[in-house]
Amino acid sequence: MKRWMWMALLAALSVLVIAGCDDEEGGTGTPQATAAATQTAQATAAATQTSGVTATPTPVVRGPKDIILATTTSTQDTGLLDTLVPIFEDESDYNVKVIAVGSGQALAMGERGDADVLLAHAPSSEVALVDKGVVINRQLVMHNDFIIVGPEGDPAGVQGMTAADALGAIYYTGATFVSRGDDSGTHKAELALWKKAGLDPAGQGWYEESGQGMGATLTIANQTNAYTLADRGTYLAQKENLELVVLVEGDPALFNIYHVMQVDPEKFDLVNGPGGAAFVEFMVSDATQAIIKDFGVNKYGQPLFIPDAGKDESQLTPQ
Amino acid sequence: MTEAKLSLRDVRVRRGRSELVNVPHLDVLEGEVLVIIGPNGAGKSVLLETLALLQGPTAGHVLFEGQPVRGRQLGLRRRMAVVFQESAMLRRSLADNVAMGLRLRGVPRSVRRERVRRWMERFGIDHLAHRSALTVSGGEAQRANLARAFAVEPEVLLLDEPFSALDQPTRDDLLEDLSAALRETGVTTVFVTHDRTEALRLGDRLAVMMGGAIRQMGTAVEVFAAPVDEEVAAFVGVENIVAGRVRSLADGLATLDLGGATVESVASSPEVGLEVLVCLRPEDVVIEPGGRDSHRTSARNHLHGSIIRITPLGGQVRVVVDCGFPLVALITKQSLEDLGLKVGDQAVASFKASGVHLIPRGR
Amino acid sequence: MDLIWDGLGEAVRIMRSGDFNVWEIVVRSIFVSGTATAISLFIGILVGSLIAFNQFPGRNLAFSLVNTGMGLPPVVVGLFIAIMLWRSGPLGELGIIYTPTAMVIAQTVICAPIVTGFTAAALRNLHPRLRSQLYGLGASRLQMLRLVLWEAKLPLLAAVMAGFGGAISEVGASQMVGGNLAGDTRVMTTAIWLEVSRGEFAPAIALSVILLVLIFLVNLILTTVQQQERR
C-alpha cells in the first residue's frame, strides 16, 4: 500500500517535468482576459460601425511570432491594453508580451534592445532616445491628463488652483504628498511641475516616495489621507476603493501624452522589426483610435483617453 | 599445498599523512579460518576492507585466486560477504534484510526465500522474520547479520569484530553458532578481533597485527606460547597455552592429556576425546623445589620438571619449567631467592584445577 | 477588518463563478513550481549524494555553498537570471525571457539549494556503516544509491516539500523573468502582487487563500506519510 503511494508521487513528479517542458512560450495567441471580453466585443462593434472597417495593414514582411511591448504600469492598469492587444493579436497573428514596468525601466529596456516596441508617456525622455537613434517611427497615440487628488477635507486648500500653485500650497502647509518616486512618466511629470513652481520637495518630512505603480501609490495616499499626482485613467479605475477626490484638473501643464515607438531593429539583432512596425501601425489606425475614444465611457461615464494620432502636439485639448 | 584464496602483495594503505597498513605478504588459504588479532588502531579493519575489495590499497596488489584484482571489482565482491560490528539494517523486516545480499545478486525469489528461511532458522531468529529490523535486540540483529552473509553462500567470509558490541553471554552464544556454521560450510574466513577467546576458538591460523604490520603469523599455540617479540607478548598476554585432549570426566573434573603430562581441570561440558586448548595464567602457578613429597599447596595439579629459563621482569620473575611442555610461572623475585632455584634445577609446578581454562578445538 | 471579510466574500464568489480565470493561474503555478522542484530533486540527489558520501578537499566549502544557496534572496536570483536571459544578455538569443521556461529556471535556482541541503543532511544522517555494509554484500554503485535513497525517503520527501514551498511562494524572481503575462506567465504570487498594486483586494485575497490551502495540503501529505511510516 505504502509503496504505491510513493510510486504515485514519483510518477506525479515525472509528469510535471514532462508537462513543464511542453508549456512553452505563449500557449495561445490570445490571452484570456475575460474581464475585458465585454469591452472587446463592444469595441469591435463600434469599430465596424464608425469607420467601415479599415483592416489593420499587415506588413508584407513578417517577423518572429513574439513581440515584446514595454509599457508603463499606469497604462496597463487602465485596462486599455487588455482591450486592444487581443484585437491586434487576432488580426495580425502576432503574440504580444506586455511588460508593464515603470517608465524609466521601459525606456531602459528600449535602450538595451530588450523590447520591440514602447508605449510610454515621458515625452522628453523619449525624445532623447530618438536623438540617440535608439527608437524610430515615434507616433503620437493619445493623451489623458493628470489630476491632483487629495482628502475630501483639503487641508492645503488647493481646490481649483493651477497645478503649480497647488503644489506651492501643499509645500508651505506641509500637507502629506505621496510621489511615485520611480522614475516613471508620472513621476517625471510631477518633478517637472515642482520645478515649474520653483520648489524642491526632496528631503521634506511630508514628502513620501512610494517607489511603486500608480495603483499602489493611490492606495498609500488613500490610507494616509495624502495628496498625490495621478493619471485620470488609473484614478477612475480605482475610484470605488478610494476616498480621495479630484481637486486640481484642466491645467495644460497636466497633460499626459502617450507615444508609441519602435526600437530600431537596425541597432539590435534580436529586435522584431516587422512586428514592432505592425504594432505602431495598429495603434495609430483609425479603428484603434475609435476604440480609444470610447474606452471607459460605459464603466466610468467618461472616456479615459483622447485619441490624437496624426495631430500636432500643440493641438491637444484637455479632457 | 592449499591454494591461497586471497593474497596481499606489498600492500600499503595510506590515508592523509599516516600509513595505516603495511603488509608485504599475506595469504588467506582456501578453507581456512584466519584470525587477525591486535589492539585497537592496529589497522585490522582497514586490512579487512582491503581484502574485501571495499577499498583499493594505496600501493601494492590484492590477488584473488592468484589473479590481480582491478579496483573494487563487483564480480569478485559478489563472491564474498562481509559482516561488520554494527548490524546496519535497513528499515524493513528482518527477513527482507537477510535477503538483501541475495537480492543484490539477482537470485530468484524462490531460492531467496528458501535460503533466508534456512539460515534464519540456523541462527535461531526465524521467529522474528516479519519484525522490523530496527526493533530487534543487538544480539538478534547480529544473528541476522550473520544469516545475511551465510545466505549468500560466499566463497570468502569476512567478519570485522562482529561480537565486540554485545554482552558476554550473547557473545558466547553467537561464537558457538558461528563456529558451528563455519565448520559445516568450510568457507574461507577472515575474522578480525581483539578478543583472545574468539581468536583461539575459531582460528586455524592467527595473524597478530600491530601498528599496521603483521608481526607474527602461525597457529594459536605458536603465537600465544611463543610470541615473537615483547610487544606481541605484551598484547597476547604471557600465558600458557597447550594443546591437549580430554581423557575422562568425573565429578565435575576433567582429566586431560597434555603433551605427556596429566592435568585436571574444573569442567562440566567437554566430551571425552575432545581436543582442547588449555590456558593457564602464569600467576596461578606455584613453584617449589623438586624432590619434595609433601606439598605446601592444596592444588590438584603437580607437574615435575626442570627449570629451563629464568627471566627477571621488574619485581617479578618469569620461570619456565619443562614438564613435558614448557610451563610458564610468574613469581616474585623474593620467592625465587627464598627457594634458591636456578636453571637446571628440578622443580614442581603446582596449580589449581580451577585455574585451568579450556577452549574446545573440535575441528 | 471589513476589508478582509469583504475580500473573503468576494473571493468565494469569484472562485465559484470562475470569473477571474483563477484556476488557470493555479494550475500554471503548480506546473511551474512542480517542474522546478522535480528538477531540483534530480540535482539535489546528484550533488547531495556526491558531497555527503565522498571525502574531497573543499568538502566543507561545498557544504557552505549549499547552505548559502538556501538563503539566496529570490529577487536577487531573479535579477541575475533576467540579466542573463534578456535579449541584451549573453543568453538573449535563446528567446526564453518572459516564458514559463524562464520561471522554471529561476525557481529551480531558488529551490535546488534547499533540496540539495536537505538531501545531503539526510544522507549524512544514515548509518555511517550502511554503505560499506551494502557494498560488502555485493551492491553495485547504482544499487547502493537506490537502496540508500529509499532508506532516506522520509527526509527526502521533506526536502521536496520544503523546495516546493520555496518555489511556489516566491514572487520576485517569477515577476522579473516571467513578466506576469496574462494567460502566459502569470502565477498565483505575481497575480496577487498585480491585483494589490491595482487596489483589487478581493481577487488578491482569493488567490492568497488558494495558495495557503495548497501549501497546507502539500504539508498534510507529508505529515500523513510520515505518520504512516512511524507505525
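Residue numbering begins at 1 within each chain, and the chains themselves are lettered A, B and C in the order written.
One rule holds for everything that comes next: a contact is a pair of C-beta atoms (placed from the backbone, for glycine too) under 8 Å apart; a residue touches a chain by one contact, two chains touch by 3 or more.
Since the model is a prediction, treat every value here as computed from it, not as a measurement.
Asks: Among the remaining chains, which ones contact both chain B and chain C?
Replies: Both-contact set = empty.
Asks: Closest chain to the protein CA centroid?
Replies: Chain closest to the assembly's C-alpha mean: C.
Asks: Greatest Cα-centroid separation from chain C: which chain?
Replies: Looking at centroid distances, B is the chain farthest away.
Asks: CA centre of chain B versus CA centre of chain C: separation in Å?
Replies: 56
Asks: Averaging only over C-alpha atoms, locate the centres of chain A and chain B and give their separation in whole Å.
Replies: 88
Asks: Chain A to chain C: how many Å between their CA centres?
Replies: 33
Asks: In the complex formed with chain A, which residues of chain C make contact?
Replies: Interface residues on chain C, with respect to chain A: 19-21, 24, 28, 30-32, 34-39, 41, 86-88, 92-93, 95-101, 104, 153, 157, 160, 179-184, 196-201, 225, 228-229.
Asks: Considering only the defined contacts, which chain A positions touch chain C in the complex?
Replies: 2, 5-6, 9, 12-14, 16-17, 19-21, 23-28, 30-35, 64, 66, 68, 73, 77, 82, 97-100, 112-114, 212-213, 215-216, 218-219, 237-238, 241-242, 268, 270-271
Asks: Once bound in the complex, which stretches of chain C touch chain B?
Replies: 127, 129-130, 132-140, 143, 147, 151
Asks: Considering the complex alone, what residue numbers of chain B touch chain C?
Replies: For chain B paired with chain C, touching residues are 49, 52, 54, 72, 74, 77-78, 80-84, 86, 88, 90-91, 100-101, 104-105, 148-149, 152, 158.
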